[in-house]
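Next up: the structures, one after another.
After this come two complexes, each holding subunit A, first together with subunit B and then together with subunit C.
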Partner chain A sequence: MTVRELAEQLGAEVLVEGDLSREVKTGYAGDLLSWVMARLPESAVWMTVMGNLNAVAVCSLKDGACILLTEDAPLDENAKQRAEVEEIPVLRVTEGSYRTSLRVAALLGEMP
Partner chain B sequence: MRELALNVMDVAQNSITAGASLVRLTVQEDSAADRLSITLEDNGCGMTQEQVKSVIDPFYTTRTTRKVGLGVPLFKMEAEMTGGSFSIRSQKGEGTVLTAQFVPSHVDMIPLGDISGTVRLLITCNPQLDFVYRRIRDGREFVLDTRELRQVLGEVPLSAPEVSEWIAGFLEEQTAELLREETS
Partner chain C sequence: MNTLTLRYEVPGDDFTRAGEASSDVKRKLKQLGYNPDAIRKVAIAMYEGEINMVIHAGGGEAVVDVDPKQVQIVLRDHGPGIPDVEKAMQEGWSTAPDNVRNLGFGAGMGLPNMKKYTDELRIDTKVGEGTTLFMKVYA
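Presenting the complex of A and B:
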């Protein structure tokens, strides 16, 4: 599934388009950046409330597929600009990371 | 990071990479003012104003100089998340002073963690460098200065296991004494 398809299926707001054709292979949820930095799987959709520049850096470093902000978390302006430069899609939903993870897992066929 | 001590370890590596021969780490707590500050000062190669900006920007650092990494940006973020502040002063050829101020009562405060362990590891793993660790709490303090240790040790290196053991014991004892609540 591509980031574009995922966004459509979730009804997510697209804050930064970036590379929407990027393949999403799995998902990951977490907010402690140093923790995520060690664990975010490649090509994962990353569910978090951290919409700052460091989050964009973590996604870039780990080659995540996109950032999915949950609970309508804000995206900082400098983070938005950097995500555009790095072509990292940033999506946003109203639901929390727990419920969003369930929906993403169902869409990716990864339900436990 | 889960502990600020891990972040101090990470950021101190920058001082070592910068060729510092002396690194000063000061941890200062002021309970009444609800402040905790961590200051790292080195006499390494220092940075230009342009470089100072770049270490705060996680991209510049992750993309061009892997050595620096996200250590400084995360440290800054952690301080600011508690309502604290962060600053770097640096002079090319002179060294760098980095200060992070935290508000410990804030819900997003990350625990200081095993700072004594960090100090011990920094000293033991870099026996050629000198460290001055100063811990201050509400006007009382203790200091560990490896330059003084060297005078006592003579030829024995700072990396010797018995020295490392002694450092651990000293830090544990002094920290406990410092953190002991005044009994009224």
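Presenting the complex of A and C:
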């Protein structure tokens, strides 16, 4: 599934387009950046409430597929600009990370 | 590929620029066609180091030596030093202030991540004088 398809299926707002054709292989949820830095899988959709510049750096360094902001978390202006430069898609949904993770897992065929 | 040396100034107290050096190293290693697994390790370890320098030490400098066999990263600061390195190496141990935690840092994973993602890690630190980290990632 591509980031574009994921966004459509979730009805997510697309804040930064970046590379929407990027393949999404799995998902990960978490807000502590160092923790995520150690564990975010490659090509994962990352569900978080952290919309700052450092979140963009973490996603970029770990080759995540996209950032999915949950609970309508804000995206900082400088983070938006960096995501555009790094071509990292940033999506946003109203639901929390727990429920969003369930929906993503169902879409990716990864329900436990 | 000959040896390539990259130097960066890591700014103090500026989280908006933390990560610039590691992003640049990652980009350059990709251009060189370096092993992707090694690139990932270098990027993570160096980013954590940069963040630490911003949080704790008021910035510093990074020198990265790349050769076909390994990447060596030296991070040097003139910050307060680490009083108890053993504790600092424990996952979850953190002395980061609240404003830093609000940014999503301070999980106490910085040095543990650096150890996990490097093949060699040496810490020279002296309280009141600063800290130098030597890290190596094999290709």
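Heads up, the rule we're going with is that the second predicted complex is superposed on the first by the 112 of 112 C-alpha atoms of A that agree within 3 Å, B and C clash if a C-alpha of one lies under 4 Å from a C-alpha of the other, contacts with A are read in each partner's own complex, and residues count from 1 in each chain.
Assume a contact is a pair of C-beta atoms (placed from the backbone, for glycine too) under 8 Å apart; a residue touches a chain by one contact, two chains touch by 3 or more.
These numbers were taken from a predicted model, which means no experiment stands behind them.
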Room on subunit A for both subunit B and subunit C (clash or fit): clash
Which of subunit B and subunit C A:54 touches, first, second, both or neither: both
Partner chain(s) touched by A:62 [first = subunit B, second = subunit C, both, neither]: second
Touching partner for A:105 - first (subunit B), second (subunit C), both, neither: neither
Which of subunit B and subunit C A:38 touches, first, second, both or neither: second
Which of subunit B and subunit C A:14 touches, first, second, both or neither: neither
In the superposition, subunit B vs subunit C on subunit A residues touched: C
Contact residues of subunit A, present in both the subunit B and the subunit C interface: 32-35, 37, 52-54, 57-58, 60-61, 86
In the complex with subunit B, residue positions of subunit A that touch it: 32-35, 37, 52-54, 56-58, 60-61, 82, 86
Subunit C to subunit A touching residues, read off their complex: 15-16, 18-19, 22-23, 26, 40, 43-44, 47-48, 51, 103-110, 112-113, 116
Residues on subunit A engaged by subunit C in the complex (per definition of touch): 31-35, 37-38, 42, 50, 52-55, 57-58, 60-63, 78, 86
Interfacial residue positions of subunit B with respect to subunit A in the complex: 1-2, 6-7, 57-59, 62, 70, 73-74, 77
